[in-house]
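The following pair of complexes shares a single chain, subunit A, combined with subunit B in the former and subunit C in the latter.
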Partner chain A sequence: MKREYELVENAVGRLVPTVVNGKEQVPYMGVAKHRPEGRKAAPPIASAADYPADGDKVVKDLRTALEAAGLKDGMTVSTHHHLRNGDFVANMVFDVAAEMGVKDLMWFPSASFPCHARNIEHMDSGVIHHIEGSMNGPLGRYCSEGRMRGMGVLRSHGGRYQAVQDGEVHIDIAVIAAPTADPFGNANALEGPSACGLLGFALADSQYADKVIVVTDNLVPFPCVPWQIQGNYVDYVVAVESIGDPEKIVSGTTQITRSPDRQLIAELTARFVREAGIMRDGFSFQAGAGGTALAFAIYLKEMMKEAGVKARFVRGGSTQYLVEMLEEGLTDYILDGQTFDLEGVRSMRENPGHVWTSPFTSYNYNGKGFFGTMVDVVVLGATEVDVDFNANVVTHSDGVLLHGIGGWQNCLFSKCTILPIPSFRDRIPVLVDEVTTLVGPGELIDVIVTERGIAINPARRDLLDAVRGSDLPVRPIQDIKADVEKIVGGPPARPEFGDKVVAAIKWVDGTVIDCVRQLP
Partner chain B sequence: MKREYELVENAVGRLVPTVVNGKEQVPYMGVAKHRPEGRKAAPPIASAADYPADGDKVVKDLRTALEAAGLKDGMTVSTHHHLRNGDFVANMVFDVAAEMGVKDLMWFPSASFPCHARNIEHMDSGVIHHIEGSMNGPLGRYCSEGRMRGMGVLRSHGGRYQAVQDGEVHIDIAVIAAPTADPFGNANALEGPSACGLLGFALADSQYADKVIVVTDNLVPFPCVPWQIQGNYVDYVVAVESIGDPEKIVSGTTQITRSPDRQLIAELTARFVREAGIMRDGFSFQAGAGGTALAFAIYLKEMMKEAGVKARFVRGGSTQYLVEMLEEGLTDYILDGQTFDLEGVRSMRENPGHVWTSPFTSYNYNGKGFFGTMVDVVVLGATEVDVDFNANVVTHSDGVLLHGIGGWQNCLFSKCTILPIPSFRDRIPVLVDEVTTLVGPGELIDVIVTERGIAINPARRDLLDAVRGSDLPVRPIQDIKADVEKIVGGPPARPEFGDKVVAAIKWVDGTVIDCVRQLP
Partner chain C sequence: MPRGVGGRRGEGVRSDCYIAVETRDAGGIDIALKSKVESMYGESIAGLVRRGLEFFGIEHAAVEVEDQGALPFVIMARLEVAVKRLDPSEKREFLPETAPECRYASRRDRMRRSRLYLPGNEARFMINAGLHEPDGVILDLEDSVHPAEKDAARILVRNALRQVDFFGSERMVRINQGGLGQEDLESVVPHNVHVVLIPKCESAEEVIAVDEKIQAVRKERGVENEVYLMPIIESALGALKAYEIASASPNNVALTIGLEDYTADIGTRRTPEGRESFWARSAVVNAARAAGLQPIDTVFSDVRDMDGLRASVLEAKSLGFDGKGCIHPRQIRVIHEAFAPTRAEVERATRIVLAFEEAEKKGLGVVSLGSKMIDPPVVKRALHTVDMAIAAGVLDADWRDSE
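The block that comes next holds the complex of A and B.
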């Protein structure tokens, strides 16, 4: 019997479902308020007696592997987004499942991209029941329109590790696309035509799934060294012609913003980091691969050189710009979670200054600490921010679910979180009274940098004091918002939603912080 | 109520206890006959909310850490033998426990050495109830004499991982001695005054123990890179003056045998590997750090150079001799489990041809395969071998428990297992009718090389055929044994044991293969 959900108000005043896809939920209780109970998930004990003594786990094709792994109706199958919008493997999996006549699968991707749009057919035909995982683009819209049978569940990278570790999501079969692998299942993403850097998003799956299949287009003799996925967790290996389209896996080069407004925002952000005293010897920062974040890193780099300051570590996504900092001795290490361009992949292969991290090391909240809290300053994006500094990254003001959470929620735990954002986009204000979807609580968001000024969270008196007397354009967030509304003619129209909840938004500890409603 | 054990006969005809330290046992059923049931052990779920946000887990001393970890009567506390006979930390732990007035602890070392003899006092006084783990030297004798309150349990390196993974041993508190660590608990053994190479014996403990304490004498700023133990598993970090005596941690250099008999045995072993066709391009071998094994490696190396043959990998314990092979291009990789001399540590720090392995990757039988089965030939020692090729490594013919199993049982799964051994020691025959303690079943032991000839297990017709026509002195094992008995005047006297079982010997799958009785 399918349990129905009710809606209850959580600690940030959002109505959230009490049951998601048949599982009882804990509503969000506030930052560091919820304590998990019980013990971690426990996969079945295997025996080497059931695996080939010569270590050769290669089977002839993906169907053979999925059949051997016992694929059947209602199972949960996971894939990963290391190959981003160039991935072929997640589509192969559900094509084979369709061929096999299997139904009602839960697809548990670390993220899905527009290249996975054909899985919409598999949802329409009943092969896939629903998706729990980031849905970028068309799959997000499909979910928003209420066409998916189950509820979407969005988790951060750390939250996905947490959910698997804690047994909230039991993966029956994990399928890991690996740019290089050996017949035992050891795998990495450093070599091969589809090299993409790292395989950390599949770590939890390899550790906790009942069955693990590695799919590669570059099979090498044992041992595949270094291994990022350990063959000792792997059941079957499949060699295919190609696992992805290299042109879409990593950018040839990452692109810095050319917009003068975005450049101004990036420069203000870097200046804030300097003026607030964060940029000091041995500090650390994280910035993504978006155009503004890249520009920020370049401004900061110049300021660091000028001041003779060296970082202890930078958290990646590696890009050519971070690689330059490493090579110029401006940081001891890059702590990589993924890799965004070819220079990043090359450097990761060659330079031991790259430290491989994973959602377990960097982001898992239900662990004995995580690296994210040790980062001095992190620079992130947002689709909306409200006057209480709550922020949204998954929907736009029109209510359409178009983005995943990524590591965004996990990064909020840094010592200083800055959102450099334009104050409006396409004449729609980004600063609002109330965010459409609350993904990050305002108490963790410290600074908003716009082209019209810098707003500091009033709770961070220390930051307000630190930049007092500087020539930075610090202003109350309400003032910036009022300016914008004057320009565009008022606040954005609120979308009209249906009643149905189409997706739940998880907080890093597994509680439900908000949900997304069906579009009319 | 303490459950009493009975003795039942297992698949190799040994009487073994049905209950060990209150836990039901499965008697050994034969190679690859037992299938484990159930799921892996599941440690408690933690929350980052309970750990310092700045990542600094350093507490002022070991007592503080043990108190914070909740040390109390009857708990299981683990330590490791990375620092071998130079370790200070295992003694510190029980000295503190004694100070705290804690009683009845189970000590679960990966191995104990003569340097830990003072823990005999802590057993006499009741602080330590019993030891499950390798007992080398005085602690083994203490156990043999029936003075320990609980039963000793000997496990292979792989069996120790298996026991922890499968929940047979629940570790309450793991104390990991780390030559280098950061305040978050990331640790390695590559740098610092006590550098010893690797920390793999503590892997299971870090993953599965309720609480994990890292003790270091070389605290470095975050991140300690590369990490061998992940700080995300660590609760507390303690900085001490010194964790060990460098002179006793690794040898300055490893010593090759000078005995002409042993050299002959080593040479015959290498010639066997060549003549049997095992030494071919892309092959792999494992040899330990004993004098004969080292001499074997040197002979083999010369033969490889002569024949123009290159190995794909060598399994270590790295020594200067394996390092030379790597540096001379005679092998692509060394797959290291530990490191036996300073050259090994240096090379491991500098040469990416060293691949770090652990009991999980190389030896864990209750997993999805393990590396040990992929090794073409392994060269091991033994204290006794019987005419059915069963072998003993833990007791001598006088019945005294003096050695641990190490990786020995796990290595038996290689494609060809060779025991190069003298046919007698101190006028006591090594070849016997029945081994005192059966640690490795004859069906996995392929070749015995003595100074009086080579005995091939009749079950290995392929090996007998492969060396037919060579000038190797191949003889039936009974003939060699008869020769020896003629020289020394008969088979060794059988020791007279008491009734009490003082130690259980586990097989790699967790079943009980034999036991050790109390000395009279």
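The block that comes next holds the complex of A and C.
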């Protein structure tokens, strides 16, 4: 079979496909090198004459809504991941599509979770053609094994907004799971049995999709306020028994890591932030909900209290720990992108200082700035980092696609990006000569904190100078890697891949930074 | 066919492997390998197994390896125990190289504020233990090892002593009692063990037996470093004989107490207040001090209760103990902080030390501070306090210059 693409080398030396799912691609050109042209995409103009004057857009069920929206073969259907591993709606959509006998859909989720694994059946049966969106766990493996018909496309949260805005992905039908909605389609995630905080991931879809369906299990009379999603974008509203499993949507409590090694890494990271002078009055930071990042936030909080320092804002993924900081007056604001526990949801509902954001405000690169660049320090994870500080978050060292990008690429634009990571896991080195998949360019990654020392990107002389004289274990990255190789018995053999590209990795500006090959 | 099995597999196993060796009359070596790191280290693992079989002179065998990311020294240990279970007469040791990081020495009078217990058959806890900077790590062959795995743990601990960097922590091994303990010593003493812990010690003879075995192994294997001893009192009889035990060998450096066994032995349970063990702990402190050893307290077993740990260390310190056992790395910092002298203690100690040095310079036999005479034991105590303060980071090493 003739391939529709060729492979060309991009600015970081990776071979990437020229065409992805029939669309021409721009190979990655470097940070801040690509300038998009043209005008943004837009949905067709609608008329209020075609919508009920009483504002009641409720239809009897999802099938009715999808039929009315004109679902047919080959369309692109989007869903979102604010209900995380508790989401019922994405599965409902494709079950109904299968029932209707529709084929070859492109599923465009903002992220997928293990609860979506049954969509593998819909791919096998032909209902779904392929996925453009993060593929976690079983879906990632399915893609890696080359079983998906089209090419997977992985984008960051900001990159997804950008792709929709720029018309790179045209959404025919967006289905938005809403914890609370009114018959007009106004929706929020602050109330209701499936409350999850915010709906930012669905913002682009509501603005740019041809048809928008809101699915809720908590229908309230107009007005549903605040309207995180505005009913003026919405075509149909569907009320269902339940949109998700609350226990899997947000956790009752978020766990910090119990691993002593991870705690050590988290503490070193917090000390670095303090010693480098980043922790000062009015600063800002972002730390996710992973165990190490949470532990970092807790250490940093203690150091802030000790030094009498207050932050201007903290960027969430929020958890009870960030909420405590807000309530104790250690930060003026939480700018939240995603709420991970019940305390976070409560705080967002009650506290005007706990602000819901979207990938548009926080991350969209093809716009007039985004606040991710204003964050003083961000703490992120990675599966691999190489000696040039390039990092991988999507594949493991054996080449299997297992994670999405999330907001990771977008966060790299902060003033200081730190990756606190173990230098090896079991026998798998995390510090390597060359990452399996290059998702983040080293020029944006400033510090690697491992249990065996802290490596600072040589390009960041200012950071090296800032911590000189401290008792932090700062070491060249090659030295730490050499230690690791001594322990694990030499550098790992590189995984062998087939020829076929199974997924393209997009950079934040829409260019292609790397790709994932089929497993042998 | 004869079959020997070593290591572990199944749910929850990490950084370890399972190896089954089945010898046969012909057919060469067949290795069936399943590994989570197969694409990265599959060939390396198979190569190591082949090298091991060749070392033991096994030419025909079917070998099953199920690996969960075990490091090479772990794979070597699991293979060796599999071979030895297949042929109990096999005495050769399939040794990994001794890493240069494993060659540092200890001192009789070094600080022993914290000692971290590491189960002897669990490689994954050993690898990063030293990063948490305990004063000592204890590779435990006794209570944390299942009786059926004593042989395996002994080999794994031996390999760890040759391969794992403990970053300057004192390298301790807790051996088993009696004959098993003697076998433990044969296996570990040649590999730069600093301190041997003698469990459930009840008599001077037990200490002497261990000491003699150590000296025999040192002589036979040409071991140059001293091997110190730390007997553990864990019974009523042991507590009554504490001084006899403490003074049984010139190689004793510390005396410690294990309260779980002790309280059971006296027919009670541990309470948070610890009234039931006050006498025994004090007996250990007094016996140790009388014999010139460091008295070291028992472990604190609630790893989540850091406030309780801190209170327990302060109490131990007030009773006269110099150190405390720990079972989780996060306890180490709290222990070091709590053992650190207070500001007032440091201030007083530095004044005494300066007065002492001044008196020595002038050749005076008597040290005085203001109008008060300072007795020699007070000077000794002050020197110790200054050392502790420097180690805990509450006093600069060059404090004299900054005075």
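The rule we apply is simple: the second predicted complex is superposed on the first by the 517 of 520 C-alpha atoms of A that agree within 3 Å, B and C clash if a C-alpha of one lies under 4 Å from a C-alpha of the other, contacts with A are read in each partner's own complex, and residues count from 1 in each chain.
Everything below uses one rule, namely that contacts are C-beta pairs under 8 Å (C-beta built on N, C-alpha and C of every residue); 3 or more make two chains touch, one makes a residue touch a chain.
A quick note: this is a predicted structure, and the numbers were derived from the prediction, not measured.
Asks: Per the contact definition in the header, classify A:233: touching subunit B only (first), subunit C only (second), both, or neither.
Replies: Once the two structures are laid over each other on A, A:233 reaches subunit B alone.
Asks: Give the label of whichever partner, subunit B or subunit C, reaches more residues of subunit A.
Replies: Looking at subunit B versus subunit C, the one contacting more residues of subunit A is B.
Asks: Let me check the overlay on chain A: which residues of subunit A are in contact with subunit B and also with subunit C?
Replies: Common interface on subunit A, subunit B vs subunit C: nothing in common.
Asks: Residue numbers of subunit C touching subunit A in their complex, please.
Replies: 14-15, 36-44, 68-72, 99, 124, 127-128, 131-132, 328-330
Asks: Which bits of subunit B are touching subunit A when the two form their complex?
Replies: 32-55, 57, 165-166, 184-185, 212, 221-223, 225-226, 230-235, 282, 312-313, 333, 335, 352, 355, 360-361, 364-371, 373-374, 413, 509
Asks: Where on subunit A does subunit C make contact in their complex?
Replies: For subunit A paired with subunit C, touching residues are 260-261, 263-264, 397-399, 425-428, 451-452, 486-490, 492-493, 495-496.
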